[in-house]
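Lettered A, B, C and D in written order, each chain numbered from 1.
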C-alpha cells in the first residue's frame, strides 16, 4: 500500500466562537480524486485552505507526504505550498500581467527557473488547457472559462503533487462550465491527486474516486459516488441531495 | 382566441455599435409561461428590460394588452410598469427597510393603498412564499433564497398581470435554488403569465409552455420544451444544449 | 525716542515764549516753591499715559488707572516731600504749557531734558537713562558687543522707528531688516534669521527677563544722551524744590530702584501680564479661540450642507434649457471652488463682498467657508447617490415608482446613510480649515495663538498648545462621529 | 512729518552753532552768492533720497538714480539760474552742516522751514505745502468735510505715525483704528470697515489718482504749517540768490507745477509703477508666484511620496517590539498630522525648527508641506494596498510565494496603480495648500498678490487674478493627470 499524500488528523478550526471545522480525520491516497460536497457555509472552503495552511488550524494535524505542516516554520510552509496547487472560485489571476506572465511569475521568482524554460513550460501548459492563442492576452479580456483554465495552468506550472479546487466552476456562465470540467477530467486521467469542492454532481459522479460529504464541521459520509448518490446514509445528506437535484 | 398580453414587433435595441437585439417579433398569451434561454451576452436581459421599458427600444413596437408602450408618456409608462412585476438576479431588496416595508412601499406610495390593507396583503404574500416569520427581518439577515422569495412577493404586491424573471436563481447557492423555483412553479399553476430567463433546464422542461431560444439578437427557435430539448433545429441551439448539459 | 512731533511743538511753544515772557517767569526772583508745595500738601503730577512701561493706562480692580515706572517715581517724590500725589493725564504736547501755567506742579512723563526745554523749565537730575539695546541670542553673547559687532550679519528693528533708522545708517557692512511686529522680530532672532534686534531699553529688558534664551547688549548708537534720558520737570526757578527732589532722584539711582522695583511693577500691568508667560495663564485667550473655531465650524457645516444639497440637486438637473443652464452653473461653481485655495476664497469674500456690504470678519469667514464646504458636500452627496446600486433604482422603477418617488423613498435615504462618514470627515476638515480665517483677523485659535505669542515673547509654546488643542478637537470629533456611525449601522 | 529725530539733531547742531559762530556766517556782509554760483556754472543740491515722492532712489536705465519731485524742482532752479545741477546724496542729519560748510550750495529735501532752522539758514518761499489728507470713499464725499465730520465713525491711519496720533487726539467721538499697512487701510476703507484714512498728502494723491472710487478731503489737523511745508535752504545771507530762486518758486506755485508735473513724474519711479495698475503690468510678480507655488508643490509631492511610503510600511510593520513601536509611532504621527491644521504645522516648522537650525522660509515651507503630505500619502498607499483583493495575496501565497515576494511582485504594483488617482489629487491639493506658506513670507502666489495689492491700491483685482491662476493650474494639472490615468488603464 502506498503512503497517503495527505493525512488529516482531528483537524479543528474556529473563527472566534464559530467552530467551523470540529473534528476531521481523513486521508488522500496518491492519484485519488476526492470531491467534497456539502451545504453552503459547512466549512468546505475552510477545510481546503487548512490543507495548504492558508488558514492555520486551531488544533489537529495536517500532514503532507508524512510531514506535519503545523509544526513547520514559515519558509518551509512556503515551499510546501508549491507542491499543492490551488484554484479558487474567483480565478484570482494577476490583472496587471499577461496570461504568460501570470504563469511564469511563480516559477521564476520562487523556483528561480530561467526565463526561457519558464516560457517553454508555460506554452506547453497553455496548450494543455487549450489556450495556446491567448498567451499575450490580459486576464480582463478572457471569458470566465478561459480565466479559470489559465488559473489551472498557473497552478500546474509549479509542478504540484496535489491540486486543490474550491468551486472552480460556480462563478462561470453555464456554457463555460464544461470547458473547465473537461480540463479537470483530463488532469484526473493523467493521475493527478485532486481534492475538489464542487456542486457539479455530474462531475462528481463521473470523475470522483470518493465523495466526502461535509456538514456542520464534520465529514459526515465518505463513500464512492455510486454508493453515496444511490444510498445516502445520513439524513443530512439525503436532505442536501433532495434540494440540490430538485 | 384571447388577446395576447404582450406583443413584440420588429423590436431592435443597440448600445452604440453593439446591436444586441436585431429583429424580434413574438407574443405572449395570457397564462403562458415563456422560458427564454440562450448563451451569455445574447441579449436575454436586454429583451426582458425592453418589455417593461427599463430599456428604451431603438426601434420596433412593444405592446401590453394591445397598447404600444413606446408611444406613451413617462407617467403612463410608470403606471404600466405596475402591471409587469420584475424579479432580478440580484434581488435588489431595499436594504434600509424590513421585509414588510419592502413589500408595502410601492402599494402605499404608488397606488396609495392605506397602511392596514397594505400590511394585510403583505402578510398574505409572505405566507404564499413561505416567509410569514420574516416580516420584520432586514434583507441583510436573509439567505439568498429567502431574499429572492421576498423580491417575488414584493413584485406580486402590485398585483401585476405579467411577471418577468431575469435569472432569478443564478446568484443562489445550489441548495436554495429549489425553494425559489417552487414558488415560481406555484405562481405558474395559479395562472400567472410569466416570462422567465433561466439556465435551470429542469424548470424549463417541467413548467414552460414555450421555450424561446435567443442568440445573436434573434429568437432563433420558439417551441414546446419537449420538442426543443429533444429536437433542437438550429446548430446554434444544438451547440448550446451540448455545452450546458455536459 | 518719544513723540518727536510733540517735542517739536513744545520747542516751538518754548521759542515763542522766549519772545513773550509769561507771568510765571518772575517766580525765579523769590523761590518759595518747596514751601508752597508742602503747604498745599498735594503735588500734582502731569503725565501722558501712553508710553509703556513709563506710564500707561491699565485696569486695576476694574478701574482704568495710570500706572508705570514714572508713577512709582512720582509717588516716591511725593512721599519724600511729605505730600500727597495727584496725577493729571493730558497729551504730551500740553504738558509744558500746563506746567508753566500752574495747572500741574511737575512733569514726569519720560521727558527728555533737551537744551530747548531747559530754557523754559527746570529739570532734576536724570532718573532713567533709556536708549537702545540690541537683543541677541544668549548663546551669541561672547560674539557681540554692540552695534559694530554685526558686520556681515543682519540686524532687525521695527520699521519706522528711530532704532530702525539707526541700524540702517549707523552700521557698516550690516544688513538691516524691518518688520512690523516686535514679537515677530524676536521669533526671527530665535530662529537665527536675525543676529540681533534693536529696541528701546525697557522693551529689551522685558524680553530678556521673560525669555532665558535671550540677552541684551548696549547698542552704542550715536545719539545725544538728552534724547534718551528722562528727568522730572518743574517750573523754571523752583530751585529749592528741584534740589530737594534731586535727593530723591539720586537715591532712586543709587539704589537702582527703577530696574529693581519700578520696571517690574509696571510690567505687571502691561496689557495682560508679561511676567507670567505660562501657557495656562492664557487659557481664556485659547478658550476664545476654541469658541470661535467651533462657531465657524458648526455654522459652516450647517450652511455648507444646505448649499451642498442644493448644488447636488442642481448638478443632476436635466431637462429644459433652464435646467441645463442650472446644471452647468452648479458644475462650474463646484469645479472652480474645488480648484482654488480656500485662503483666496476667504480673501475674496472679505474684501470683495466688503465692497458692497459691510460684513464683519467673522461673518465673511463663515460665508467663505460655507461656500467652499458646500462645493465639497455637493460632491459627497452626488457620490452618495451614485454609490446606491443602480439595481435599487431599477427595482423601484419596475414597481411603477416615478423618478421622483424613487429618489425620495429609495435612493436618498440610502445615499445619506452612505455619505454620513464623508460629512463627518468634512466636519473635521472644517475644524482645521477654519484656521485660515485668521488671516482676516477672526479671533479663532490660530489668531489667538499669535496674540499670546506676541504677549509672552514665546515663539513656539503657543503653537504647540494650539496644535494639541486642534488635535484634541479633531480627535474627539472623530470619536463622536464614529460612535454615531456605528450606531447608525446597527439600525 | 519727516525724520523728526534728524530734525532734533539739526536743532541741537543749530543751537550749538549760535554759540560758536562759524566762518561762513560773515558771508552775510557782502552778498555775491548769486554771482558766485553763476560763475561756477554748477549748483550743488544736497538731498537725502529716502522720502518718496519727494526724493528717493530708483533704477533708471539700470542705474540707481536719485529721482522725485524735489529733483524736478532742483532742475528747474538750476535751469532758471542758467547753471548745471549736481546732486549730492547724504543723510538728512548731515544736510545743514554740509550746507554751512560749503559742501553743497542748497538743500532741497522736503525740509520744513522751522524757526530753529531759520536762524541758521536762509529759506526760500515754501514750494510745497504738504500736510495730511483724509481719504474717503467717493460716495461719501457729500458727507465728510474734514476730521470733525467723522463723529460716531471710525478713522484709520498707519500705527506709529504722526497722523495716527492726530486721529487719536485731535478728534472727538471718533473711533481710531491703526493698521500697519497702508494698502490694508485702503481695503478696509473700501469695504466700509473704516470711514476715512488719514495720510500724508502726496500718498493720498497717489491713491486717489489711481482709484476712481476714492476721494481726498483736507484733514484740518491742528499742526503748525511749518511742520508740513517744504522750502529750499541756502546759506544764511545769500539774499540775492534766494530772491532769484524765489521767483522760480513763485512760478512753480503759480503754475501748480508740483501737482501737475513733478508729482506725477515722481510717481513713475515709485517702487514699481503706481500709475499703471493694470494686472497685466504685474505679470512678472504673478509669474514669480506661480514659479514658487509650483516649486513648493513639486518638491512637496516628491518628498511627501517618499515619506508616505516609509510611513505606510512602518504602519504595516508587525513582529518584534521594535517593529511594534515603529508601527505605533507612525500611526501616532499620521493621526496627529491629519488632526491638526497645515497652517499650524507650517508655523511650527518655521519657528520651531528655526530655533535649532537656520532655515529659509521656502525650505521650512517645503518641509512642513512634505511632512503633512506624507501623512496623507501614507494613508493612500495603505488604502491602495488594502484595496488589492485579498484573493490576489492568497493566489500568490498558494503558489509558494513568501510574504515579501507577494507584496513586491503582486500587491504593490497593483496598489500603486490604484492610488495613482489619489496621488494625482494630492498634487492638486498641494497646489492649493501651498498657499498657506504665504504666512511665513514665501513669495508664492498669494504672497505676490498681497504685494501687488499694496502696490496698486486695488483690493480685489489681484485676488481675482490669482484665483483664476490657481484654477488654471489645478485644472491643467487634473487634465494632465486624467490623461495619464486613462493611458495607464489602457495598458
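Details
In this text, a residue touches a chain if its C-beta (ideal position, glycine included) is under 8 Å from a C-beta of that chain, and two chains touch if they have at least 3 such contacts.
What you see is a predicted model; the values in this text were computed from it and never measured.
Traced through touching neighbours, the fewest hops from chain A to chain C number 2. Centroids of chain A and chain D (each the mean of its C-alpha atoms) stand 74 Å apart. Chain C and chain D have centres, each the mean of its CA atoms, that are 20 Å apart. With touch defined as above, chain A holds no residue shared between interfaces to two or more other chains. Under the contact definition stated at the top, not a single residue of chain D touches 2 or more other chains. Taken as a contact graph, with one node per protein chain and an edge wherever two chains touch, the assembly forms a single closed ring in which every chain touches exactly two others.
Contacts between chains, counted with the stated touch criterion, involve the pairs A-B, A-D, B-C, C-D. Interface residues of chain D facing chain C in the complex, by the touch rule stated above, are 1, 3-5, 7-9, 11-12, 15, 91, 114-116, 158, 160-162, 165, 169, 180-181, 187, 190-193, 224, 226-227, 335-336, 338-345, 347-348, 350-355, 357-359, 428, 432-433, 435-436, 438-439, 446, 449, 459-460, 463-464, 466-467, 470-471, 474-475, 478. Of all the residues in chain B, the ones that touch chain A in their complex are 39-40, 173-178, 181, 199, 202, 240, 243-244, 246. Interface residues of chain D facing chain A in the complex, by the touch rule stated above, are 389, 391-392, 394-403, 405, 409-410, 413-414, 417. By the touch rule above, chain B contacts chain C in their complex via residues 52, 54, 74-75, 78-82, 84-86, 88, 90, 92-96, 105-106, 109-110, 151, 154-155, 158.
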